[in-house]
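Pasting a structure below so you can have a look.
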Amino acid sequence: MIKWAFRSIMNELVISVQHLTKHYKVYKKQPGLGGSLKALFSRTYETIKAVDDVSFDIAQGELIGFIGPNGAGKTTTLKVLSGLLYPTSGSVSVLGFNPWDRKAAFQKQFSLVMGQKNQLWWDLPAIESFLLNKAIYEIPEKQFQETLDKLVDLLDVRDVLNVQVRKLSLGQRMKCELIAALLHNPKVLFLDEPTIGLDVMMQKVMRDFIKSYNKEFGATIILTSHYMEDVKELCKRVVIIDHGKKLFDGELQGIIDKHARNRILSIVLSEDVPRKKLEAIGEIKSYEHPQATILVPRKEASERAAKLLQTLPVADITIEEPPIEAIIRDVFQTTK
Amino acid sequence: MNTILRYIKLWSLFAKYELLFQLSTHLSMVFFFVGKIIRFFSFIIILLLLKNNTNSLAGYTINEVLIFFLTFNFIDLISQMFLRGVYSLSGKVRSGEFDFFLCRPVSPLFRSLAGSPDFNDILLFIPLTTFSVWYIVQNVPVLDIQHIFLYLFFLCNGLLISISFHILVLCVGIISTEVDNTIMFYRDLSQMARFPTDIYKEPFRSFITFVIPVGVMMTTPAKALLGLGTPFMFIVSCVISVVLFALALKAWDMSLKTYTSASS
Amino acid sequence: MFSKLQNKLNKYARVVSATWMNGFAYPLSFWMWRLRQVMSIVIAISLWQSIFAASSNVFGYDQAHMLTYIFISNIAGFIVLSSRTIEVPDVITSGDLSLYLLKPVHFFVYWFSRDIANKAQNAIFSCVELFTLFLIYRPQLAISTHIHTILLAFFAIGGGVLLYFFINMLFGFMAFWVPDVWAPRFLFFIIMFFLSGSTFPLDIYPKQLVDVLSYTPFPYLIFFPAKVWLEQLSFSQIVTGFGALLGWILAFGILTSWMWSRAIKGYGADGR
């Protein structure tokens, strides 16, 4: 506790999660009419460990990515940090508050944005929902106007503020949802799958916005996503979660260094070469003359590349890391 | 002939799925069933209580009023039983499921109207109809073939009017998504015919007889049974129902032409 | 301190105004709703006028008093029974509840504010409609204008408002445990239609039934406020009536608060 307090003062720790565990009881029902009748008298249930002994600290201003497959526990963790879910065990502190207490002072300083959830009133113009949030978060008039102007200009939605939300396109609606969530200048921002369902253009807009918001307002941001593009572009530090457990916590480059076993040699051959000769260098991923991709063990990448250049007629060669998606997939596979 | 058989087969399939679905929410079914039984018998009780206090209502004896009520209930129940699909149309249009109705080789009108029969009401049908038949046999002064035939004929006539209204409601549901209040409006309007429509002052009475003929739908069969109808009334009722049905079908065709599918 | 209170009031005032605006968002729906309200009164008036055309005294009422009851009970009904709180089960089952839990708003006060906006809309338009119907039917009414009666009626209606609010919240919170709230609620509405005094005074029932009913919450929604306004209750009846009303409000209030705290603790926050 004291150690944590010391660290928190020194590093301005904003979020601290210690041994967080969240279990759910899920009732199992047997199919058919017989099962329904049985269920009236006795029910069996199993315990799902949505989050299993997860710990991490986040300092002020960090932009962290949570990645993991569906059902990994990312959203559950965010919901615990937001005070929506009661932890089964462990301790959580955000901005010095226990989120579960749901104190107004805490709620006025953070925001949770869930990709699919709409807080804007469907039949009213977006501005009315903004004014409602202004009253709910007790935002002073001047601050409200400044923040609103800044956000509206950043996201370029000035002309749609007075249009009923149901008449807006998905992209415009998402932008307005984002504004509604940020009007109170939250110090901490939880973004749950913010780019899901958006087209490529909107995804970029969203990412650029998150980056600017982090820079301009200095907010601490946790972002969960399936899309590696989001994480690659925005997050230096990444937390990998699967089956409720934390698998990795560190810089994105660290995953590659730790888990990537191979490197990819992409070559263009100037002459026809028999497969066998290429196999001597490494595992052939694809070979359609004149292009070939070969997987070689990481540590020997330069060695084998040199051997390749010496023994075979190579017109061009590139040494690449495997795509991060493949690495992450590997990480999930090996920890099943 | 083949088409009719095919549609009967299809309808049985819809009915089976609906039954399975309703069985899976059996507790809800119980609540609805109990609620409707209570509603039915509460009205009966109130009318019987009324009988102790007064002899007539708008020129009808309370017994006759009860018969009007039972007739209304019968037509309402049958409509609810078979045409319940209308209530879920707006949801289907919004979700895009209606698009599938339009693409498949089954009449979308049939599908929307009759695609979700309510088995709860089928359960109700038995006790309610039994009670109604018993009461009618006890209390109708002249119960001969002619009266019974007229009664059944105008019950069918009333059902035709009901189908036409439901089709018109569907049209509203396709053009706008405001079907919920429209169907509730129709139901409320038809509730007005729970009692003989003579109780209403003009202009309301003419409105529910000629403009939105729920009066014709519900009151004519009962009047026929009780020997209170006139040939003029019968002819007008038939004309109204045929015209309305034709209008409804036309409206359906036209509204499909204005249909704009739901977007993401 | 004062500004803190002001901020809090402002919060819920905004909820009221947003709900008010929202009510007008679909004009067709809105006018249909008004039409339906008018229709239900037309049915009631027509029915009773026909009944009284044949006998001058029915169930101990004469035409003037019955029609007065219809008008008064409809006024009470419009205020007590209009509600947005019926949307709460959907909020819970869809998972949108999370959005409320994230913000510094009190769930109960938020929804009560929404109710107030809805009731205000209903009350204003109903006054116009009732006045129009009055002009059409020209019934002989016997409405009291004594200040103390009106004050008592005001409090009785207020009590009915709170009671109905808590009852609706109860059904709303059932959604935490039961997937389908519509079915039990349907049953409740049916029972209420016959037992709250909204369509006809409860005096038409045999006395024993009315006595039993006085131990249930139903008569206190509409019948009791209407009777207070009609000055048809003795002093002791008014006192016991208010006592029962208060008792029911407390009972439902405590029950719903307890349900809320239980439900939130076990809340799964599902639904993406």
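Chains: A, B and C, in written order; residue numbering restarts at 1 for each.
Assume contacts are C-beta pairs under 8 Å (C-beta built on N, C-alpha and C of every residue); 3 or more make two chains touch, one makes a residue touch a chain.
Quick caveat: nothing in here was measured; it's all calculated off a predicted structure.
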Centrality ranking, top chain (CA atoms only): C
Chain whose Cα centroid lies at the greatest distance from that of chain C: A
CA centroid of chain A to CA centroid of chain C, Å: 47
Length of the line joining the C-alpha centres of chain B and chain C, rounded to whole Å: 29
Whole-Å separation of chain centres (CA-atom averages), chain A against chain B: 54
Residues of chain C whose C-beta touches two or more other chains: 26
Per-residue overlap in chain A, given as positions that touch at least 2 other chains: none
Chain B, residues touching no fewer than two other chains: none
Chain C contact footprint on chain A (complex, rising order): 24, 75, 79, 82-86, 102, 104, 107-108, 111-112, 114-117, 119, 121, 123-124, 128-129, 131-138, 164
Touching residues (chain side chain C, partner chain B) in the complex: 26, 28-29, 32-33, 35-36, 39-40, 42-43, 46-47, 49-51, 53-55, 58-59, 136-137, 179-180, 182-184, 186-187, 189-191, 193-194, 200, 204-205
Touching residues (chain side chain B, partner chain C) in the complex: 25, 27-32, 34-36, 38-39, 42, 46, 49-50, 53-58, 176, 178, 180-182, 184-185, 188-189, 191-192, 195, 198-201, 204
Chain C - residues contacting chain A, complex: 7, 10-11, 13-15, 18, 21-22, 25-26, 95-96, 98-99, 101-105, 265-269, 272
